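Heads up, the next two complexes both have chain A, just with different partners, chain B and then chain C.
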Partner chain A sequence: MGMVKRLSVKTKTVLTILFVVLMALLIAIADRKASDYLVLILNLIAINIVFAVSLNLINGITGIFSLGHAGFIAIGAYTSVLLTLPIEQKEMSYLIKPLIYPFNRIELPFLPAVLIAGLVSAGFGYLVAAPSLRLIGDYLAIATLGLGETIRVIANNAWSITNGALGLKGIPPYTNLYWSWGWALITVVTVASLVNSSYGRALKAIREDSIAAKAMGINVFSHQVMSFVVGSFFAGVGGALWAHLITTIDPKSFTFTKTFEILIMVVLGGLGSISGSIIGAAIYTVGLEFLRVLESPFKVWFINYPGVPGMRMVVLSVLLIVLMLFWQRGIMGRNELSWDLVASSFSKFKRGGKR
Partner chain B sequence: MNEVVLELKNVTKRFGGLTAVDKFSGYIKKGELVGLIGPNGAGKTTLFNLITGMYEPDEGEMLFFSNRLNGLKPHQITRLGIARTFQNIRLFSDMTVLENVMVAQHCKLHSMFSMFSFVFKIPSALKFERNVRVHSEKLLEKVGLLSFANEKASALPYGLQRKLEIARALATEPKLLLLDEPAAGMNPQETSELMDFIKTIRDEFGLSIIVIEHDMKVIMGICERIYVMDYGKLIAEGTPKQIQSNPLVIKAYLGEEVLL
Partner chain C sequence: MRFSDFVQHLVNAFSLGGIYALIAIGYTMVYGILRLINFAHGDIFTYAIYFAFYGVTLFMLPWWVSFITAIFFTAFLGALIERIAYRPLRNAPRISALITAIGVSFFLQNFATVVFGGRAKSFNPQTGVYPAYFLRILQLGNVRIRLLTLITLSVVAISLLLLVWIVYRTKVGMAMRAISKDIPTTRLMGVNADRIISYTFMIGSFLAAIGGILWAMTYPQVYPYTGMVPGLKAFISAVVGGIGSIQGAMLGGFILGVSEIMIVALFPSIAGYRDAIAYAILIFVLLVRPTGILGVEVSEKV
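Let's look at the complex of A and B:
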């Protein structure tokens, strides 16, 4: 720790602004020049950042082991789609049972739909947090897992709202790089400012020792609920972005494997580190795409590889196991990537690795 | 000046068939340093847990100034001005020394909604952060831990961890401090430093302090008044001198004299 070089606040602010401007430029270029495939991957990275950072707030920072994230993503996705889907598309889709009022009359623009999706998800988070946070540890994990599945089962059977197992198609493809990366930035900035404030210290204290936190005057229960609600809000926002990217959703998109996918990103990056979650989301998304080659036949020298569907999941799992064996606390541990850290590793590099 | 800070009337706590605290009555005045002693399992820590709201008493009443403590949650009691340390150190070990002290001042924020002012970095929130930091650094300086401010709490040597736990309790700005075996595991040198430290903070922060301790040197050396518990009951009360010669206390510690 003593090795870390301290930069002045001014330098850091300038660097941060430069970094954000550079990212914005890159996104603007990608939006115009990049192939549809690359744009899709970039969008997915941003949305996975939203998912991972929000789950990390709940699991990593506050230490509530929640496995219900897919449920909140589902709520966000369905809410936003019900609000944005064109009325004639709604009439065409709901074949078994007609869509209930008022959704069959509503057609909102994207931004209000995303915000409402986040708020509805946060509201559900609040309703769910109150009873389930009376449990701790494994019991809480099981309860939230069951909760996520319950939401999916409801989505599968509430035909007059979600169109049941048929799902919803023809969702307007509103999500573009600006929306997804914009929301990713908002998520990261919000969660980071929360975590670096007095509230974040309280959340970490609860994670470290909830009895001592109580004795220090922290209302443990209401802080846990707050963390859960904020996490649910961004899960809902991410769900809305995701639905408007892939343009078709059905209950099968929100099984618990979705939660585990996000959990993998969080743990890979480091439970409790926001920058870790960003790195984890990026590595997981890109890695999954790179491994796609394993699913189509190819030839190395004289060996013919037939291409096995599902092979990339097998290889990815093995890679993750190896990674976790050597990096037990994830890539970042609980540390954050900061300009100080970058500067000190850069100067170390310049001095040729000498301390 | 000699105002009563905390008063306990017939406080009782049962765990199933075991009465851990049995009709305990006692009081502490402003600026007093009171000792609480007794053999293992006498109910001393349970009494602390009752006062701090970790447990709810089955009978009796607890008054802190004019506030009734019965039924209040631990965090509410801390906000009223009672802070404690733990027998087995409970620091936030993965946080820095400074953060440990800063977190104890979080209780000054009363509404969960002020969270938004921190997210949007409104000037009042930034000012709060600055004040908490400055105050915490001052406190660490007073207790001599400032040079460790950015170390992880778990990296401190044992004696300093005990000290940090006391500093963290002080950061909640208490009027009454409950110390649960502060000298446990310390060597004689550390113990005598701790005795001076407890007296110093009592005077400097205008505290009333209750100490649970097995080290009689500490208890006899710093306490003005002592309560002795055995099997949940209060068996003696008095000055160190009175306690030392009290036959009931000797019996509780050494067992009854066997008559041949």
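Let's look at the complex of A and C:
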């Protein structure tokens, strides 16, 4: 490897601003011109970025192996839907048992609902983190997995709050490209500034060696709780955005499979790399759409391939296993995509690969 | 509750607990040796049921031949998974192995959906998978017990005794116990560690297969996700009992089975939360005794 070319701070700031403006322009164009399908995919990418970056903060950067992300997504989704669902729709939906008091009178706009969803999810994150972070390693993974599944079981049975297994329909489709990408930007900026602060260095120290970190005077427990709570907040926000995109939710949407999908994005991008999570989320979302081909019939030369439903999930799981066997670092490893890296790879490219 | 009802529930509880124990042993043995949570274990359980089902309905084998063949095929499948997916990662970071295990589980579920179909298949005497007299009800005083429950209890007992014999009275068992303490030293003693680890996966899958077939007879259907919930609960049993300890897995299995059935029997109104009981027990035990009931406290090395 040659030297990494250093750009001045000013150049980088200008480049960053230009990049954000360009993205905003692209989103504005997509919002007007793109087909519904493309808009849906772009929304999903943004929401998956929120999910992946928040899980990466917990799993990759702090090194807490949490498998309960789907539970927090569920809390965010249900909280926001209970707040935004029109009152008539609520009366129509709750057939088995009526909805309990404060919710059956409330109908809030989207932004406060999303914020409250994030806060409620963060609150649950705090409640969960405080006891379960006393555990380490695999025990923690199982405890969080259990908690995530418990949240789903409760959602399945608390008829007077979540409408049980019937789920909720007719959710107003508030999520658009501005909301989803706006929140994705907020998530990335928040997590990135957290990681680059002294807190972030403490979190990485805990990941590398919690005992040594403790010896250096870092309060391991409170840092881990903080990371978990921030992660749960954004999981809740993402859940709220997701619910208002797909407009129907039921407890089955929040099984362990959901956590698993997000884990794939994070691992694909590189555990511990925020830019990796963004790339992972985008590739996973788009890749899943491309793999749809496998589920519809097509013809290669003279071989007729009958579409097999469910085939793309098979391919996906094989990909994950292969990825883990041969390419554990993922796309970015623990590195971050920076303007320096882009500039140096660009100049390498210009030199025609002589190095 | 009348006394006879209580006895009836208790017998059912023990047969469920026994099935959990059978699956939990596979988790605990693998964890004891490799420090790996074998997420695919629950799906191995599902495949055993599918093998048994297709042995009868597709290959027209008599039910007992089909069951035995299915159990051996499943044992082989367990070893195969270890060979392909886990052995290359023996020296990799633990988190990579864990994610791979989740990937294998996901693969087995989706592969089953594609190959066997997503719709549930009924596993009952009408499809001929096991004889109808298994469902006969025996009357002992006021207590009514299905023959199947008694069969389950005795098969569980025999399997557990067989396992204890293998682990504590044979050379392979001795090697397994040695490996779980220290792999490099055991290698120096002339033990082929890789082969012993394969045996461990085989034995674990063998027991899971027995558990799976017993489970399918009691809850008479099979679909690609059958093994997920019992697998998770069995894993919780292993953790509750103290993961790495075989006696702990048995104890944990029975604790979970008995509390699940008894709590639902005593408070029918919370029957919907049945699946959450296991997690509640798990979290409680982990907080009180983080290494499980019979688990050994390992001091953190700096």
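Just so we're on the same page, the second predicted complex is superposed on the first by the 349 of 355 C-alpha atoms of A that agree within 3 Å, B and C clash if a C-alpha of one lies under 4 Å from a C-alpha of the other, contacts with A are read in each partner's own complex, and residues count from 1 in each chain.
Convention: a contact is a pair of C-beta atoms (placed from the backbone, for glycine too) under 8 Å apart; a residue touches a chain by one contact, two chains touch by 3 or more.
Remember, it's a predicted structure, so these values are computed and weren't measured experimentally.
Trainee: Record, for the superposition on chain A, whether partners chain B and chain C clash or fit.
Mentor: After superposition on chain A, which the two structures share, chain B sits beside chain C with no clash.
Trainee: I'd like to know which partner A:Val342 touches here: chain B for first, chain C for second, both or neither.
Mentor: neither
Trainee: One more residue to check, A:Ala202. First (chain B), second (chain C), both or neither?
Mentor: Touch partner of A:Ala202: chain B, not chain C.
Trainee: Look at A:Ser317 in the shared chain and tell me whether it touches chain B only, chain C only, both, or neither; answer first, second, both or neither.
Mentor: second
Trainee: Output check: A:Leu147 vs chain B and chain C. Expected answer is one of first, second, both, neither. What do you get?
Mentor: A:Leu147: touches chain C, not chain B.
Trainee: Which partner reaches more residues of chain A, chain B or chain C?
Mentor: The partner that reaches more residues of chain A in the superposed model: C.
Trainee: Can A:Met226 be said to touch chain B (first), chain C (second), both, or neither?
Mentor: In the superposition, A:Met226 contacts chain B only.
Trainee: Once the shared chain is lined up, is A:Met23 touching chain B (first), chain C (second), both, or neither of them?
Mentor: After superposing on A, A:Met23 lies clear of both chain B and chain C.
Trainee: Going by the contact rule set out at the top, does A:Phe65 touch chain B (first), chain C (second), both, or neither?
Mentor: Once the two structures are laid over each other on A, A:Phe65 reaches chain C alone.
Trainee: So if I put the vertex at the Cα centre of chain A, how wide is the angle out to the Cα centres of chain B and chain C? Nearest 10 degrees is fine.
Mentor: The C-alpha centres give an angle of about 80 degrees at chain A.
Trainee: Touch test for A:Leu325: chain B only (first), chain C only (second), both, or neither?
Mentor: second
Trainee: Of the partners chain B and chain C, which touch A:Asn157 in the superposed model: first, second, both, neither?
Mentor: After superposing on A, A:Asn157 lies in contact with chain C but is clear of chain B.
Trainee: If you've got the overlay open, could you tell me the nearest Cα approach between chain B and chain C in whole angstrom?
Mentor: Between chain B and chain C, the shortest C-alpha distance works out to 7 Å.
Trainee: Identify the overlap between the chain B-contacting and the chain C-contacting residues of chain A.
Mentor: Comparing the two interfaces on chain A, one with chain B and one with chain C, the shared residues are 211-212.
Trainee: Which part of chain C faces chain A closely enough to touch in the complex?
Mentor: It is residues 31, 35, 37, 85, 88-89, 92-96, 98-100, 102-104, 106-107, 110-111, 113-114, 118, 228, 232, 235-236, 239, 272-273, 275-276, 278-280, 282-283, 286-287, 290, 300, 302 of chain C that touch chain A.
Trainee: In the complex, go through chain A and note every residue touching chain C.
Mentor: Within the complex, chain A touches chain C at residues 65, 131-132, 134-135, 137-139, 141-143, 145-147, 149-150, 153-154, 156-157, 211-212, 256-257, 260, 263, 267, 271, 308-311, 313-314, 316-318, 320-321, 324-325, 328.
Trainee: Which of the residues in chain B end up touching chain A in this complex?
Mentor: Checking each residue of chain B against chain A gives 52, 54, 73-75, 78-79, 83-84, 86, 90-95, 99, 102-107, 109, 112, 115, 118-121, 125, 128-129, 132, 150-151, 168, 172.
Trainee: How about chain A: which of its residues touch chain B in the complex?
Mentor: The contact residues of chain A facing chain B are 1, 190, 193-194, 197-199, 201-202, 204-205, 208-209, 211-220, 222-223, 226, 334.
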